[in-house]
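The structures considered in this document are given below.
Across the two complexes that follow, subunit A remains constant while its partner is subunit B and subsequently subunit C.
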Partner chain A sequence: MANTFELISSVTAGALGAASIDFTSIPSTFTDLCVKVSSRSDRVGTTDNLFMKINGVTTNRSARVLYGNGSAASSFTETLYVGELDALGSTASTFSSHEIYIPNYAGGTNKSFSVDGVTEQNGTAAYATLIAGLWSSTAAITSLSFYSGYGTTLVQYSTAYLYGVKNA
Partner chain B sequence: MAAGSTYTPIATYTIPSATASYTFTSIPSTYTDLVLVANGATAAASNINVRVGNGSVDTATNYSYTVLNGNGSSATSIRYSNQGQYQVSNEDAYWDTTVSGLIIVNFQNYANTSTYKTMLSRANKASLGVSASVGLWRSTSAINTIFFGGSSQNLAAGTTLTLYGIAAA
Partner chain C sequence: MHNPTRIEINCETGVESIIELTDAEVAQLKKDAEAAVARKAEEEAQAEANATAKAALLDRLGITAEEAKLLLG
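And now, the complex of A and B:
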């Protein structure tokens, strides 16, 4: 039977960490993309922000976020943000998890995407985020980049897996 | 996910011209779970309804669902019981004329004939809202039919619907 959920590429940050995790030259042969990110930064504090860049640009992005921190739920608008990120002050060895699903990434319409993210840890607060995102561009998505919104380093063992999904 | 045959497209459909709904029929019972991915628009602002059934679409009031919703300024939760549909885009993440609505629905253990069926949905509309919801169909029948349609408006041409099957082994 055909393989319809296929690993395109994976990245693991090495001993020095990484400023970003990048996927380039994404083939247009799939229908949808699914990215699973496990990451943590070295920012001082208990949390950082994970950002996603599409095709190397930061323009024409919008998002609505549903956010919970263990004591309250809220909602706000964003642009590049795809969720909270465990940081230096988070419980040791905990890495935040994010799943990004992008349908019709190579098509000629604007690109919608869905994000589910968590930064569970054994601390006072942990964060869950659900995001509706949009890149208002008809260009095919050929690259994705994940990085800290504060410009910090993604630490060793941060990983991202990019899968392609075919509908036939 | 392993590079096996555990995430298989069962059927895919692109709406050719404005139409009220599309129904997946004769869904095989050979998978463990189902995933429906819908990306598209409606002729005007409209919620999206999902109904299921066995042999036909169940339009009786056998659905209930609970929604967690965000619209960019506030978070809310609301619950519905004894409904004639599972409104997967309820509250702010409804569809409109821009082709940016994205709905992903998971149907757990859809083919069993012992339990009622639970569904999980994520609705995404970056210009309007984001929601997560859980739905229940009060029937022990296996699901082999899934209806997807606008609650008050047609689905727009170009809307894509794909149903995947996930096998546990």
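And now, the complex of A and C:
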């Protein structure tokens, strides 16, 4: 069990927003990584998709998603998707929340991760996702990027906090 | 016209940079967006097909959705 939780870096999108938020040169001195993302996009629609890229590549990824929208639940497979994202049609000034946990990110085995995420919406439909993900690579994780799957912009005040976790 | 920008933070130095996307990165974003739209359409079509199949089955059985829930509960 983790006994330290240290902020490595944080970022807040400025007035222009951001096509992506990228953490680079992540030190390998921790046991696990935890990222907390609060974000919203300018996509025309009620939701967008939040994607995560590891080490700048999009290959060798798989994920199993449990998905609920307030009236129905489903499950499906994915690759880069890490959850639903508030968009222009969501209640004004609300942001979706996602926590991504990556154990043994610097080890020499394949990298698993989990995600729990929710959108914020003052309405009948809001989205919750639980994801079990895998990056089939033995490389240490040194960078993480978060961006809209629809290629839209993460709006001002979207934030991402990257924490390092040590268990010894 | 300028391309969109991304925010990069170097975790070793703490330096935050705002970087304009290259044309190749913009093209990749566009490609990702098209794939996302196609995937969403596929999911919606599948959900609609499932709903239609469910309604047809209930109709064939001559029961309502509530009655089906009772049977399966």
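Criterion: the second predicted complex is superposed on the first by the 165 of 168 C-alpha atoms of A that agree within 3 Å, B and C clash if a C-alpha of one lies under 4 Å from a C-alpha of the other, contacts with A are read in each partner's own complex, and residues count from 1 in each chain.
Following the convention adopted for this analysis, contacts are C-beta pairs under 8 Å (C-beta built on N, C-alpha and C of every residue); 3 or more make two chains touch, one makes a residue touch a chain.
Remember, it's a predicted structure, so these values are computed and weren't measured experimentally.
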Fit-or-clash call for subunit B and subunit C when the two complexes are aligned on subunit A: fit
Subunit B versus subunit C as contact partner of A:Phe23, first or second or both or neither: second
First (subunit B), second (subunit C), both or neither touched by A:Lys166: first
First (subunit B), second (subunit C), both or neither touched by A:Val11: second
Touching partner for A:Thr109 - first (subunit B), second (subunit C), both, neither: first
Subunit A as apex of subunit B and subunit C, Cα-centre angle in degrees (nearest 10): 110
Subunit B versus subunit C, judged by how many residues of subunit A each one touches: B
Which superposed partner A:Asn49 touches (first subunit B, second subunit C, both, neither): second
Touching partner for A:Phe76 - first (subunit B), second (subunit C), both, neither: both
Subunit B versus subunit C as contact partner of A:Tyr150, first or second or both or neither: second
Minimum distance between Cα atoms of subunit B and subunit C in the superposition (Å): 11
Subunit B and subunit C contact sites that coincide on subunit A, given as residue numbers: 74, 76
Touching residues (chain side subunit B, partner subunit A) in the complex: 1, 3-9, 12, 37, 39, 68-75, 77, 92-93, 98-102, 104, 122-132, 158, 160, 162, 164
Complex interface listing, subunit A residues touching subunit B: 1-7, 31-32, 62-68, 73-77, 101, 103-104, 109-110, 112-114, 116, 130-134, 163, 165-168
In the complex with subunit A, residue positions of subunit C that touch it: 4-14, 16, 18, 21, 25, 29-30, 32-33, 36-37, 43, 47
Interfacial residue positions of subunit A with respect to subunit C in the complex: 8-11, 13-14, 16, 18-27, 49, 51, 74, 76, 145, 147, 149-153, 162
